[in-house]
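Here come two complexes built around chain A, the first alongside chain B, the second alongside chain C.
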Partner chain A sequence: MPQVTYIEHDGTEHRIALEEGLSVMRGAVDNGVPGIDADCGGECACATCHVYVDEAWLAKTGAPGEQEASMLSFAATAQPNSRLSCQITMTPALDGLVVRLPEAQH
Partner chain B sequence: MNAPVNPASDAWTTPLDQLDPSHPARFQDHSMWPYFERLRREAPVHHSTTSPLFGPYWSVTKYKDIMAVEVNHRQFSSDSGHGGISIRDRPKDLRLPMFIAMDPPRHDEQRKVVQPIVAPGNLAKLEGIIRERAGRILDGLPRGETFNWVEHVSIELTVQMLATLFDFPFEDRRKLSFWSDCATAVPEAGGFIDSEEKREQVFAECLAYFTELWNQRVNAEPRPDLISMLAHGEATRTMSPREYLGNLILLIVGGNDTTRNSISGGVLFLNQTPGEYAKLRANPGLIESMVPEIIRYQTPLAHMRRTAVEDVELGGQRIRAGDKVVMWYISGNRDPEAIEEPERFIIDRKRPRQHLSFGFGIHRCVGNRLAELQLKILWEEILRRFERVEVVGEPKRVFSSFIHGITDLPVRIPA
Partner chain C sequence: MSEQQPRIVILGAGHAGGSAAAFLRQYGWKGGITLVGEEPVAPYQRPPLSKAWLKGEATAESLALRPARFYAQQAIELRLGTRVAAVDRAAKRVLLPDGSALGYDRLILALGARPRELPLPGAQLRGVLALRNIADADAVQAALRPGARLAVIGGGYIGLEAAASARALGAEAVVIEREERVLARVAGRALSAFLEDAHRARGVTVLTGAAVASIEGEGGAARAVRLADGTRIACDAVLVGIGAVPNTELAQAAGLDCAGGVVVDLAARTSDPDIYAIGDCTHRPLPLYGRSGRLESVPNAIEQAKQAAADLCGRPPPLPEVPWFWSDQFDLRLQMAGLAFTAQESVVRGSTDGPGFAVFHLDAEHRVLAVEAVNAPADFMAGRILAAKQARIPPAVLGDAARPLKDLTA
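Then we have the complex of A and B:
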């Protein structure tokens, strides 16, 4: 299974194997990675599964969709490499993906 | 004078096409629950044409349908030009422009101006202030005596918080709750605001007061308070006075009634479920998951309204362009298909934030983490001081199908 590394704001790393087709948000929530709240459960409707995609992976994860971009635009902690992790679906090409978590979700 | 509710109307026997769950009196005496239960079962997307107060409207009562409306802001507009965000249609000239009642792109531009108020760094700064004030309020409460928790704690704490967010003169802070109450008052309830003219007079006083604060802030360096943010914000610094007023009312009401009623609700729910109160005392760590559960269970805003801007299909029903669509959060939060045992208040749910009380999508509550923070700190400080806060009488509730609130909650703290 492809793996994702989640790096908490304090630097703690979590390597998680994720089934293809699942979202990066799911991987965190189902495995108890702290720092991803996912209030809406994956509807792209709350922006509390916000992550920063490691620069090296940006081309492969692609750009946010329109709804995602508006939700992200309200997050005070957003940066150019911000994504909502419920909108990144695991594929073999993403094996090794690295995402960092913001200071807080809101 | 209260508008009449048909007393013979029964939730389970009234013909579906005559069912009207919206009457404010039902929210005051809490007889609305079976109406929503029936709608969720028999007509989850339901058209009502019999409301004496609000005219024809659609009720959306199931969690997943509400979510579908929330994320579809293109077809379901919040714009005040179409009718805005509450079931009550206000006359066009009295509608206040505010970003909760705007669609993109203006909504997005204005929301971004105030969003930094809840940035992680700012919340961290507020935490100490909230804790100190909560402590002081609690230390001043009488022991062994009956008093109204709403007045002494819920209102006082939320108003102090608001004063801080606006950097508003502290000694005048009760003006904020007065303006908030006037903004949300239902004229039919027969209170102080018994006409729209009276409301407009109060709004004029509110605007005059805040205009002075604007003038001070606009001539000073930008600071992290809401007025300074609006006065210096790219998208807001050229607002008309009426738009300034609208956004002030949004921030005052948004941060006030809702948090107030969650503070009151928490005390009530723990008293109604002594087992949960015992669990909490044994493990204060449960405050973390209890706070969102309180907000779900209270659902401080019973609904938000949208207006369809084109014909659209929802839950098998055909909604027409121009139709009023009411998302009953208070019903979606009790939908057993989305939330396990939704009728029960359970302080250690697995996914407690999965509720509709803050809305979802681009209008999702700006203050959601701030509201949670206030409740969390308050409960930490309560548990540190009091073995119990006992509810000793029936709560009195607000006459409104928008604000789901409590005006009186008699309590006693054992001496």
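Then we have the complex of A and C:
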């Protein structure tokens, strides 16, 4: 299974094997990685699964969709490499993906 | 440090209870956690039940709050299919119907709410359904064959979402609302009017100001809804969505303070220092609005789960939040933030005829209290931030869709 590395704001790393087709949000929630709230359960409705995609992976994860970009534009800690992790679906091409978590989701 | 680790028992394995168990581990709780639920399944997400689940677009796995292995990995003991008879506060134990008891050091009540029953003749007929849990949703889904006629009593979120799903499945839907508009208790007039039009445009019959007199049956099964004015609405099934009643009986019997909900503070503490309560069953402070009340929503369940877990783990409480809600109906994504208790003025940003719009609700001093957004996620996010800041914004500025809200939220 492809793997994702989640790096908490304090530097703690979590390397998680994630079934293809699941979202990067789901991988964090299902394995108790702190820092991703995912209040809405993956509906792109809440912007509480915000992550920073490692620069090396930006081309492969692609750009946020229109709705996602709108939500992200108001996140206090948004950066150019911000994504909502519920909108990144795991594929073999993303094996090794690295995402960093913001200090807070609000 | 005592020799035995303290045990937290959580009563209720819904979104609140399941989240509390997860947050307790995330926040470092080392003692035992036992999650007791009446339903035979581990915690799952209820919001998709009236939407993706009804339409066959969700699976038990996608619905699950956490995968089955999570509970063993996190040392969370699940006691499912278990009804609780009573809480014995003096002995600090929970009594089960089989006479056994479960001791606790701290107790979290996550008892939820149950659908309000229709107090009218015919309510017990076969085919009169409610929608709260998976079993309910499966019964509704079975009734939604193409061409079937669903009568929905109550124009609230559950009723409107179910009506939208019914249409998607090729069934007919009639929404019968007693008040003069749908969502009368929970939305502003502009949003109500927009949704009534949207539902009608997509083939739902929406009746407002329509009082139900009875449900009529044939051979024990519901066949029609009879209105007070005599109108008969033929149907194959009836969905009753007229609100929820908080499950406070256990707390009341145990002598905890209740006021239409178990009374809690901002750390989710009840009147017993060893007992917390979270989610739909609580009556909680709403500090941004200077009052208290009961919120029925997933975000609230999660927020109070955080409050309780933080307090139990000795962490600072989460900052007071802006309550928020969402709903999906047809191609419409509704996102609401804030509570419009003292609203004096409403401003529509964008056009209700356009691709998306938002309604901002302001108090007399033009403080942003709440926002209701339809296919307008940026306005929702902006409104949530402005409501948190209780920002004062001239209505003309909010209403000018050409003017970005980003500058106002900084």
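Keep this in mind: the second predicted complex is superposed on the first by the 106 of 106 C-alpha atoms of A that agree within 3 Å, B and C clash if a C-alpha of one lies under 4 Å from a C-alpha of the other, contacts with A are read in each partner's own complex, and residues count from 1 in each chain.
Everything below uses one rule, namely that a residue touches a chain if its C-beta (ideal position, glycine included) is under 8 Å from a C-beta of that chain, and two chains touch if they have at least 3 such contacts.
Keep in mind that this is a model prediction, so the values were computed, not measured.
**Q** Given the superposition on chain A, are chain B and chain C in a clash or a fit?
**A** clash
**Q** Just checking: does A:32 make contact with chain B only, chain C only, both, or neither of them? Give me first, second, both or neither.
**A** So A:32 only meets chain C here.
**Q** Using the touch definition from the top, say if A:103 reaches chain B (first), chain C (second), both or neither.
**A** first
**Q** Report for A:74: first if it touches chain B alone, second if chain C alone, otherwise both or neither.
**A** After superposition on chain A, A:74 lies in contact with both partners, chain B and chain C.
**Q** Tell me the contact category for A:43 with respect to chain B and chain C: first, second, both or neither.
**A** both
**Q** Residue overlap on chain A between the chain B contact set and the chain C contact set?
**A** In chain A, positions 37, 39-41, 43-47, 67, 70-71, 73-75, 106 sit in both the chain B and chain C interfaces.
**Q** What residues on chain A touch chain C, complex-wise?
**A** Residues 29-32, 34, 37, 39-41, 43-47, 67, 70-71, 73-75, 106.
**Q** What residues of chain C sit close enough to touch chain A in their complex?
**A** Touching chain A: residues 22, 25-26, 45, 47-48, 66-67, 70, 73-74, 298-299, 302, 319, 321, 324, 326, 328, 333, 335, 377-378, 380-382, 384-385, 406, 409 of chain C.
**Q** Going by the contact rule at the top, pick out the chain B residues touching chain A in the complex.
**A** Within the complex, chain B contacts chain A at residues 67, 70-71, 104, 108, 111-112, 115-116, 118-121, 123, 351, 353-354, 358, 360-362, 364, 366, 368-369.
**Q** Quick check: in the complex, which residue numbers of chain A touch chain B?
**A** Residues 37, 39-41, 43-48, 67, 70-71, 73-77, 102-106 of chain A touch chain B in their complex.
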